[in-house]
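Letters are used for the chains, namely A, B, C and D, taken in the order the chains are written, and counting of residues starts over at 1 for each.
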């Protein structure tokens, strides 16, 4: 099982999110929780937006916090939008091109879960990727193929619809092969402005997903937590598991739904796979 | 441009072939020549047969002789059949799954050259790979796709025919896309008993390929070279470039041909791509 | 905490010891136990004797069984004397030169434990290393410094005496700095023929250490275990923790003692640090 | 032979200095020149100042531009003070702790050259390092030992005097061992505000060192070069070799001298080793 977090808000040092729980919204439990996953992980990755047009990424196949370059980068880059992912391989090679978050142009994508029996359905799914996108597939994971299917179905124009169509196809192909529950997922994707998060599984028993309460609410409830004063009202975290122990800090994303963190009002909707044809 | 060597004969320490020119058929020029390539390389790999059913491989993305594990392995494994390859990337990621030699079951495969404009033809070629083999493709190179096409066309039963059919397809697909000279190649492949080597290019101007003279002939011509006394008569090297300066040691493989090193009489034949259908 | 195992006996594939519990003396619990440590580990290493004068080593800083080269090497090398070690860093860099087993000439050395407050005593201990050995120190760990102290005190001539003198010095230097319990250790060292194992700690509460019962005894008690028929009577394992669930298979090395596995009769003695001067 | 560059001036993307010659003061020849060194290199490193108290560093042992993390970091970090170094090992291990620039607190250090016969003098030099600094030595290179000697002799208070004393000691120790020319060096060091550069060798035949002409002068001479308009007048490069082909862009640092790039007037002085006691 993978783990991920997505942050959007006031610019922060990446290490504030990942490494320094006591100086961040993420309390000390982050360290042990993320730590536990990290040392179990088969690759780690971060993505961030900053001074360039496209996001930067850093992918590591060493146990994450043994990677001194990663620590130094996390300690020296500030960003208003950060993705981080810990991978637990379900079989494909542990190599940088298999580490999340994946990038295409201005977009980032990360996935916790699995396309079941991917070995059986890989060829048919990859064939459904738009031929113009196909040659850019670099790794060998189910998650990257899923990303390219979403791109094929219009991720850049309408992310929720594109993911619903990609999942519809994955379920159709999988069921044709006799796979009972073809997909299990939480997904985050972003264009550098908004962050979309998805929670779904064919068996309707999806991995957990949480988003943080608005900072202004938290600030009212916890005037003693200093870091909250430095964050804008709209700063938000979306995470696989609740972090820290601030009462009232976390809301669970309901089963089979998607949400978007954006300028103005955030939204939360039902997620319904759309089978092709 | 990549470089490779294939050795078949009396069991030798792998380092004798790669690192210790003065104790081997390969004279000191090997060191500098291979050395030059090595430091220019985008990955290095060896494959060998020995105590197990399938061959072992070691793939490195560090400059080859900086990799201490590789040096130690080469110094501690004896084998009667060794492949070694230095990669110069034509664009795809530098990662272990892109390093030659590639392995499938008992087979090894390595390639010097290029499928031109691979980005344009990759999808169509990969689609031609047998669906049962497709999920085992792990990397993103033209050379691995070429290997899987040869497997699809019967490499395990009739290697020359399979490679001729794979090249026929690559040329057909490439020309349909307006690519003038779709393929440039020297290839070596083995099942652990015989070694097949191929020299071909669409423009009939192929990279060089050489095989060593029989050891008994060399021994007669050079009674002063001690190591020759330790090698069996049938020990052979096939290489991208002649190694060492033993007069009479090397024979060029002619343009558009293939040869096989095997028990009994070696053979040399014309290579003729066979377009499908 | 690190873990290690030392094997001496009939030649086996290294993977039989590390990876294939059901085909080896090491039962399935090895996999999970070693596995758990592995993924928690900050480096992994093996050393083995075989075709060359000096032992081979392979050091990895990736989670051990993600390292495909390591798996391939373990599956393709047979050896009658194997050391394996999983490192848990107590602070020094995760790099190959800090991975056990360390090698000097024909000798291998591995250590589970710690020289406490090494940062405080490092300079004085390293100064005590023989000046002719000093420049060969390559890493930055307490364990490598300990090895070089033992070499300085005559490891190659009388291993138990040399280790007793090295520990005597470490305790003297540590106590002078106010360190209550300067050393905690299990150590294995070998010259490729005999294997010496040590269990000691300043507080006389040392980490566990076990050696396997003679194979002939085991064979009598467990006629149903096929692999036992393939091993010579004198094959032996020394391990940090008992492996497998064969009743009667393991003997604990007593507190403050050392043993040697050698041709002829094995021995077990008391371990007594010898302070210098 | 190593190569390095130091940049101080208007904030630039690190890739502008290293990767995009046509958009930078460094013209296209950089790419091929640095490229040539890079692929020959035994490690690469960058250091930069930015959002944190201490500088960030990134050290790579892969051929530099194969390292995708390094490319991404260089493309996403802007900095007013950047060090970059390509290492050619003279024997010590290729590992991240041996890559320049070295860091201590706010200081960075990089060295092109060699302490000759370092194996012979290493112990005596390392013993001269202040005991409080000694435990922080992490690698095994002459260059890092040289840095720690300079720190011992007061680098943080008076860099030129500290380097003169360190070199004085290195020459004294070396000559006592019969080494004719104990040191060859160009060195750059910085506290994040000023950059000191040194050119010296015992044989008075030092490796080359150049600093760039003031940007205002260049701008006058080359009004056609757009990027010059974006840089502040005081932006400066110090490099092992002249880069680009802008006439009038480079000044050679004279033999046996040191200079400082600082706010206000830069300076250039004679360098005179100071033997201890």
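Assorted remarks:
Going forward, contacts are C-beta pairs under 8 Å (C-beta built on N, C-alpha and C of every residue); 3 or more make two chains touch, one makes a residue touch a chain.
Computed from a prediction, not measured in an experiment: that's the story for all the values here.
Path length between subunit B and subunit D in the touching-chain graph (shortest route): 1.
Judged by contacting C-beta pairs, the busier of the interfaces A-B and A-D is A-D. More than half of the contact pairs at B-C come back, by residue number, in A-D, the repeat among A-D, C-D or B-D.
Chain centres here are Cα means. That of subunit A falls 40 Å from that of subunit D. Contact with two or more other chains is made by residues 68, 93, 96 of subunit C.
Interchain contacts join each chain to each other chain, per the touch definition above.
Residues 13, 48, 50-52, 56-60, 68-69, 72-73, 75-78, 96 of subunit B are the ones touching subunit C in the complex.
Interface of subunit D with subunit B (complex): residues 39-40, 42, 61-63, 66, 68, 89, 93-94. Partner subunit C is touched in their complex by these residues of subunit D: 92-93, 95-97, 118-120, 122-123, 127, 131, 134-135, 137-140.
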